[in-house]
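Below are structures written as structure tokens.
Next come two complexes, and both contain chain A; in the first it sits with chain B, in the second with chain C.
Right after this comes the complex of A and B.
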């Protein structure tokens, strides 16, 4: 929360004028769609008649009823506690989302037959590739950040060249360059190590900048004080600077982890059987691409949610520690 | 010719050494390891795909299995992207491609084609709702094809097939716009959205089209095949012994009817010889 004050004001969503205005706007928006033939019209069927007879009267009634329901929902939610609001809005949006997929007429039996394979082969490889890459990228980033903050011109030049190059080239191209290019130098690299290397170098470059920002945000006085106490560089870094920098680094690093999980799908182009690769191929025999793509999308989302939860746990840990 | 760089004494001193693959090297390696590593697609019914048990299956897969059986080795499949296979310079990551590859002049610069194992008709396809009846009507339309495929080269009027027994053909289509896709299923999915929604037509191999139509894709073949493409197995350049051994095996498979059997099993049609 940004800032909680004690000023009592009427909620916007409870002002009559706002409610009426919103009902009108939502009605007009819904009016542009012809919903006479949809599931929304079924409750009103006795009044508006068959889909082909309902016409503008049908459209208007449906739009009006739906917008009233919509605003009623918002007004009611406005009265509730924060946690309850969170729960209800999440469930409603999730239902809407699933309803959207339901409209595709998916073959759920097919999904069931392939789901376990997607998890054991695809999720396993995706997690394996991204977890190894995340750990290695963090190490690269730490060294990169220290080098970028160093007064040593050689270290700074290497680190800044590295971040500039690997942030400036598309990750997909890095995957290709490493997989196809390294063998030209005499070192034949397998698909999985090539993918991991590309992810590590690319994300290491982004995270170098994040780490650098975090370290730089610790005030100069901390350095001076630890130097005055006789601390050497390594000890200062470990015991003084990093403990203060890490809480600032965590939110953006969590972002990178989630992005990495999904960018690991790029290694599918070199034939690694991870989740994205299987999503594209598992449905090809029966021409059921939508089923596999949606399943894989939901799996990616579920994995990201887990990472989000872990991230918020860690953030909470540091917040309670610093207060 | 392979170029090998050796890393010597740190980063600064790098010496370049050039060496050709020794004759028989690839064949020896395959026999020694007892595994023939085959590069093919996993996304192309009925040529090569994942079956219900999530194993590789299809026409190309069966041809590859038979070649390995006759070599007396096990078979293993890898599935790199198509352009990685056609780029050549495999560096022993895999030994052979059995992936419906047409032996074009450009590809022959980086790969060897020991033998043609199949001839497939390439056809122009429209959405079932389309009014197009003749190939000439496809001029100035938006036509889709797999990137770096012979179908795309045909649309670009840049296709040369220099295999033995290839039939001559004319460029019958002047597309308004060529749209390239990573896989053939992506082309089909865009055309099935509706006539002219994203594509007006596509060009692809007839067997794949027939399989899609069987799976209720709303597609229709227009006119006669625009060209017949010979499809060859491919290996990295350099090993003539491996090349000759594979040529002999495929010739045997054609002579004793094995290729015909596999083709009829997957397509219901014998594609093993040119019409």
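Right after this comes the complex of A and C.
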């Protein structure tokens, strides 16, 4: 939370001037659409008469009434408690979003027949690939961070070359390079391990920087106290520094996990049967691309929301633990 | 005459081009209580931190408990186990309870059993008069309590010598005395101590020798009576004038 001021100003959305201005602005914005051939015109038939003859009077009336409703909604929400506001605004935005898809005239029966296939097959592979990758990437990042903080020129050089390369090359290319390049060296690699390897190397590079920052933000005094007691480097790192760095690392690592969940769709290009791959193949057979892409998008989003919730749980856990 | 537990011979140290310790000759006998004072930036912390090699020196020799400290030494931890250190900012481990802070050293380094480590920890917590806080985290304690825990943590390793680097400088005034009392009791128990502090009352009460440092050098050292009654060096006179005014 940001700093909360103890003196509460009058809410912006309750200021008459703001309300009037917004009604005007929204009305003007709505006027740019011809709303006479929408359901709103049908609903307002008693006022504006037959929609196809309503003309500018019809458009103006619809825009005005919609903007009044819009502002009324905002003013009412403005009176509510934080949690209720959260709930209502989320629901309304979600409805609008779904309404946007509704306009695509999707074949919902088709979605229904494929939905469970996508979930059971694709989601499983996506989660499996992402989870294995994030765990391995964390291990890579730990070594990378220690190497980047070390005064050993050799270790630092390797680590900085690694992070520079893998942060600097598009992930899609890394996927191709590993899948197509390793066999050139005589090492044939399956699609799944190749995909995981690419994700691990790429995210390991990003997370190296996160881990480095976390380790660095533990005060020097902790190192000194630990070493002064006779703890060796490894023990100090494991028992003293990392336990203090991890709570600082977790928010960004959670972010990386969510990003990876979606970036794992890139490994579909080498034929890993994850969510994106299945969505594309299932849709293309019946020329129902949009249906499957939107379904997959919503599944990715749902998964991300679950991860977000888990992440905030973990963060809360560490917040209550530290004093 | 017993062998000194600490000897520094012609020690020089540089931070880059800055000459931080200049030709330091200094030794401590077992059981001796030494107070080191001097203006800020005079090299007190640097000197005390070379004694467990938290800082490296570049010239001269430092021998602690019969082991010479140098760049290529095999096991600096052998020395560190026997040299307790108390810091200005306590440096307790914030993710561990008081008891865990105290038990970590004996268990992880000395290989003590959990039961023995716990007994040792409770023994020293009672010595510093806060056994009731054993289950708390450092952040839940006052500064004075934290510093006493830090002293107990160092004592749990059963060190041969204790180093204190301005242990009361970060404390609110009303907490200074509880830490000084703990240190005084420790001195009465015969612990060998090297204390960087400006608490001249403490120096008069317990020190066997007071050392004055300025600009990286040891300017004067003497037993407290002589140190305070008849300082020879001009800078020491000025320093004492400033510090004893209050």
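The definition used in the following text is that the second predicted complex is superposed on the first by the 321 of 323 C-alpha atoms of A that agree within 3 Å, B and C clash if a C-alpha of one lies under 4 Å from a C-alpha of the other, contacts with A are read in each partner's own complex, and residues count from 1 in each chain.
In this section, a residue touches a chain if its C-beta (ideal position, glycine included) is under 8 Å from a C-beta of that chain, and two chains touch if they have at least 3 such contacts.
On a predicted model such as this, the values are computed, not experimentally measured, just so you know.
Look at A:179: by the touch rule set out above, it reaches chain B but stays clear of chain C.
Applying the stated contact rule after C-alpha superposition, one finds that A:270 touches chain B and leaves chain C untouched. With both complexes placed on chain A, chain A has more residues touched by B than by the other of chain B and chain C. When the two structures are aligned on the shared chain, A:239 is found in touch with chain C, with no touch to chain B. In the superposed pair of complexes, A:89 makes contact with neither chain B nor chain C. By the touch criterion defined above, A:231 reaches chain C but does not reach chain B.
Using the contact criterion defined above for the overlaid structures, shared-chain residue A:222 touches chain C, although it does not reach chain B. In the superposed pair of complexes, A:284 makes contact with chain B only, with no contact to chain C. On chain A, the patch touched by chain B and the patch touched by chain C do not overlap at any residue. Of all residues in chain B, only 3-7, 42-45, 49-52, 54, 57, 78-81, 84, 87, 89, 91-93, 183, 185, 188-189, 212, 215-217 touch chain A in the complex they form. Contact residues of chain A toward chain B in the complex are 113-114, 117, 121, 176, 179-180, 183-186, 188, 190-191, 269-271, 273, 277, 280-282, 284-287, 289. Chain C contributes residues 52, 54, 77-78, 80-81, 83-85, 87, 89, 91-95, 104-105, 108-109, 137, 139-140, 150, 153-154, 157 to its touches with chain A in the complex. Remark: chain A residues 219, 221-222, 224-232, 235, 239-240, 243-244, 322-323 touch chain C in the complex.
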